[in-house]
Amino acid sequence: MADNIRVTVWNEFRHEKKKEEVRSIYPDGIHSVIAKHLNAQPGIQAATATLDEPEHGLTEEVLANSDCLTWWGHTAHEEVKDEIVTRVQQAVLDGLGMLVLHSGHFSKIFQRLMGTTCNLKWREANEKQRLWVVAPNHPIAGGIGEYFELAHEEMYGEVFDIPAPNELVFVSWFPGGEVFRSGCCFNRGNGRIFYFQPGHETHPTFYDENVLKVITNAVRWAARQKGAVPRQFGNHKPLEQLG
Amino acid sequence: MADNIRVTVWNEFRHEKKKEEVRSIYPDGIHSVIAKHLNAQPGIQAATATLDEPEHGLTEEVLANSDCLTWWGHTAHEEVKDEIVTRVQQAVLDGLGMLVLHSGHFSKIFQRLMGTTCNLKWREANEKQRLWVVAPNHPIAGGIGEYFELAHEEMYGEVFDIPAPNELVFVSWFPGGEVFRSGCCFNRGNGRIFYFQPGHETHPTFYDENVLKVITNAVRWAARQKGAVPRQFGNHKPLEQLG
Amino acid sequence: MADNIRVTVWNEFRHEKKKEEVRSIYPDGIHSVIAKHLNAQPGIQAATATLDEPEHGLTEEVLANSDCLTWWGHTAHEEVKDEIVTRVQQAVLDGLGMLVLHSGHFSKIFQRLMGTTCNLKWREANEKQRLWVVAPNHPIAGGIGEYFELAHEEMYGEVFDIPAPNELVFVSWFPGGEVFRSGCCFNRGNGRIFYFQPGHETHPTFYDENVLKVITNAVRWAARQKGAVPRQFGNHKPLEQLG
Amino acid sequence: MADNIRVTVWNEFRHEKKKEEVRSIYPDGIHSVIAKHLNAQPGIQAATATLDEPEHGLTEEVLANSDCLTWWGHTAHEEVKDEIVTRVQQAVLDGLGMLVLHSGHFSKIFQRLMGTTCNLKWREANEKQRLWVVAPNHPIAGGIGEYFELAHEEMYGEVFDIPAPNELVFVSWFPGGEVFRSGCCFNRGNGRIFYFQPGHETHPTFYDENVLKVITNAVRWAARQKGAVPRQFGNHKPLEQLG
């Protein structure tokens, strides 16, 4: 039997504590909903970590024993300690997969890995969102069909200040007239990163069947590649006789 | 249990019949060696097809019941019928994975899928070849290490007239002073294509442990994505009320 | 002074002859409007060629003396002779730039260069189209701003059956709920190709200031690179002493 | 007349002061040689800046009045102040082009823009280097031919810990058996970045005709795109009437 994919579901977990509007949807936090779903999938085991735990719940040991990390944050990006950001970045370069969800676009760790501001346009107007699949054979889109819709989401619009993704999986349509690259694959070192745009805290997005399917697919896609070539650097003796 | 990946190993199968030098290495043909190896891998089942069979062994039924097709050809590219090339192209666009091996670079089907000549430089001089991994977390390089060597291979050198690959996995070094993009990933429609450069018929390349590992990895990577979104085209009614 | 960029503006030129609705907009053909505009730009000189001319106006001499070819076709793709398609393909691989406009997506030459069906969804409903720039520093988007709109265009929707473009410049929004990758850059051999989606024959799209600006920019981007490395193939002697 | 491209040639300028071996080759510093060459090219004007100047010579004003910045550093990467790194990063995102030369791969600014370690293998053995062009129509390779050689350079070998480049222009061959992606194009925000690998301080690489041609080409390619779309972020009102 193959080993399970070990996921750490990270959440800032602040809105849920402070705002009734959010707590009513996610009484135990967004992380609990995502982790519960993942734990119901074959071959995946998920634990959670949150900002207010010691070391934000992201100790060296936790990261070393994770194959994939999902990240949701919004109101407290600045409270994430730089040393933890550096630790997560190193873990990703060493092979940890990462899913960056919704407002996580503005997290220190995503900015660190991208090298850009990761800024965008936004609007909170309870709009419909339609996510079109533009890479129809990508495993992250497996089982989704041509598109899926969310009845109410926050609008995110272009220009999205990211490097051109290695693979573009979803492009969104919003009724207000905007489009957005909503599913984007990147590689950094031995780590695979997937940015997925839906997930505003005032909407029940993380209960949506298609959103959960994408997250499950993306966890499988991003998870640490067990046979990955170890990166070796530094002074190197010649493999051939030099003249 | 997951369904097996069904591979069709296609071979021109001419050199082995005509040239003692080749027959002594591959008495039952290159295809037999590759298929035997694949059939020994968990979750993979392989059959073979060759040029001189009716319809080159590539009937509609064979293609519909394959998840991956591997292709070796060299001396008889022109004998492959255009209608079969068109049939294979359509199958790839509909989701059939494809591995193009060595001199298959000059096959009609690879040229058809790439849109370019797929030409290159070459030299038969029994040179050493060293294949460096430049995408260390790519599943096709899983378990390979930083590089692997072949004691004797045909040199293929740049410029290789292909579209820039979506992902570049291997770059080769040759003692005569050349380099070559030796492991290249492409997408066409719902099909994934991997070009892998080693495999000259006068060398026992397809018995090499690393070559076989790459082929196995690549079959798993390229195989038909079962949840792939069906491509739907043509006249489309609006999803929103037009003003 | 730098040499002028020599453009051949190719048009099927059938709708304009047969349909009053089209002729009233383009009395001398779509090609005349594009060529007139290009001839008014510094450093560009444009001539035209059409389907019904001998060799479709695309003789060896014309192609050899062109730096960029623009292509509009729709109702008569099948009438373009295969030998001329092969000739244009060879010219592109040798460095001729190419702009494929609107319904040219379904031309033999674009299919040939892409290796895919180039199929898509469509709807003729006089809809508004908004083209968002997603590569804000790309020269093809120079001077355009964040987006531009066309009051009435044909809807083209995903999935667009093309290889993932090397660079994605525009993504379109349509009021009926669709999105479309509307400005796509490709390389084939020494040729640069730009697909640009607006341009239905019943709308005055080729008089639009922004459309013309994009076409001008794209001609400059795609035009033959005069210092391009000649591609050299075939048997190659070692550059280093073999052991 | 088009405006000149304004280049700032930045150099750490330490080896030249401290090591006779280096000073004998570059008595006025590597920056002086590069700037002198660039100033002799039509349409380019170059100034210099070095580590030991106030603000490392990279004031807000200098960056705002530069279209391209070239960067050479090696022994004092750590002395570059983080606030200047942040300033340069912001300038790149806003459209400043950047050439990162040789050991600049390990500079803070390149690591910042890439999101990876940018580490690699290396060896100082006065080896020959041969740089093959793998993107024969790329403007950075204009006029170079199929490859060029340097009689003595430092070996840099894979794996090079960078994100997959948008465009790969050069791949190097070294006699010790290594290969290296030696010319790599990236985009970050509105900035274009080119990494170019040759240029060890103990070799006269920056006097080499081909190296200088590549640097000139790359300056023209990377320079600020004057018509670039300004990136606009933040709260955004709908462009269409919401239902």
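Letters A, B, C and D mark the chains as written, and numbering starts fresh at 1 in each.
As a convention for this text, contacts are C-beta pairs under 8 Å (C-beta built on N, C-alpha and C of every residue); 3 or more make two chains touch, one makes a residue touch a chain.
Please read all numbers here as calculations on a predicted model, not as lab measurements.
For the touching copies subunit C and subunit D, the fraction of interface residue numbers used by both exceeds half; the interface is of the same-residue type. Averaging C-alpha coordinates per chain and comparing to subunit A, the farthest chain turns out to be C.
When subunit A is fitted to subunit C on its Cα atoms, the angle of the rotation, on a 0 to 180 scale and to the nearest 5, is 180 degrees.
Computed centre separation for the pair subunit B/subunit D is 37 angstrom, with centres defined by C-alpha atoms.
Between subunit B and subunit C, the centres computed from C-alpha atoms are 31 Å apart. Within subunit D, residues 130, 133, 135-136, 146, 157, 159, 164, 166-167, 175, 177-178, 187, 189, 229, 231-232, 239-240 each touch two or more of the remaining chains. Residues of subunit A that touch subunit B in their complex: 95, 130, 133, 135-139, 141-146, 166-167, 175, 187, 189-192, 225-232, 239-240. Listed in rising order, the residues of subunit C touching subunit B in the complex are 89, 93, 112-117, 119-123, 125, 127, 155, 157, 159, 161, 163-164, 166, 175-178, 186-189, 229, 231-240, 242-243.
Note for the complex: subunit C touches subunit A at residues 130, 132-136, 146, 157-160, 164, 167-168, 171-173, 177-179, 181.
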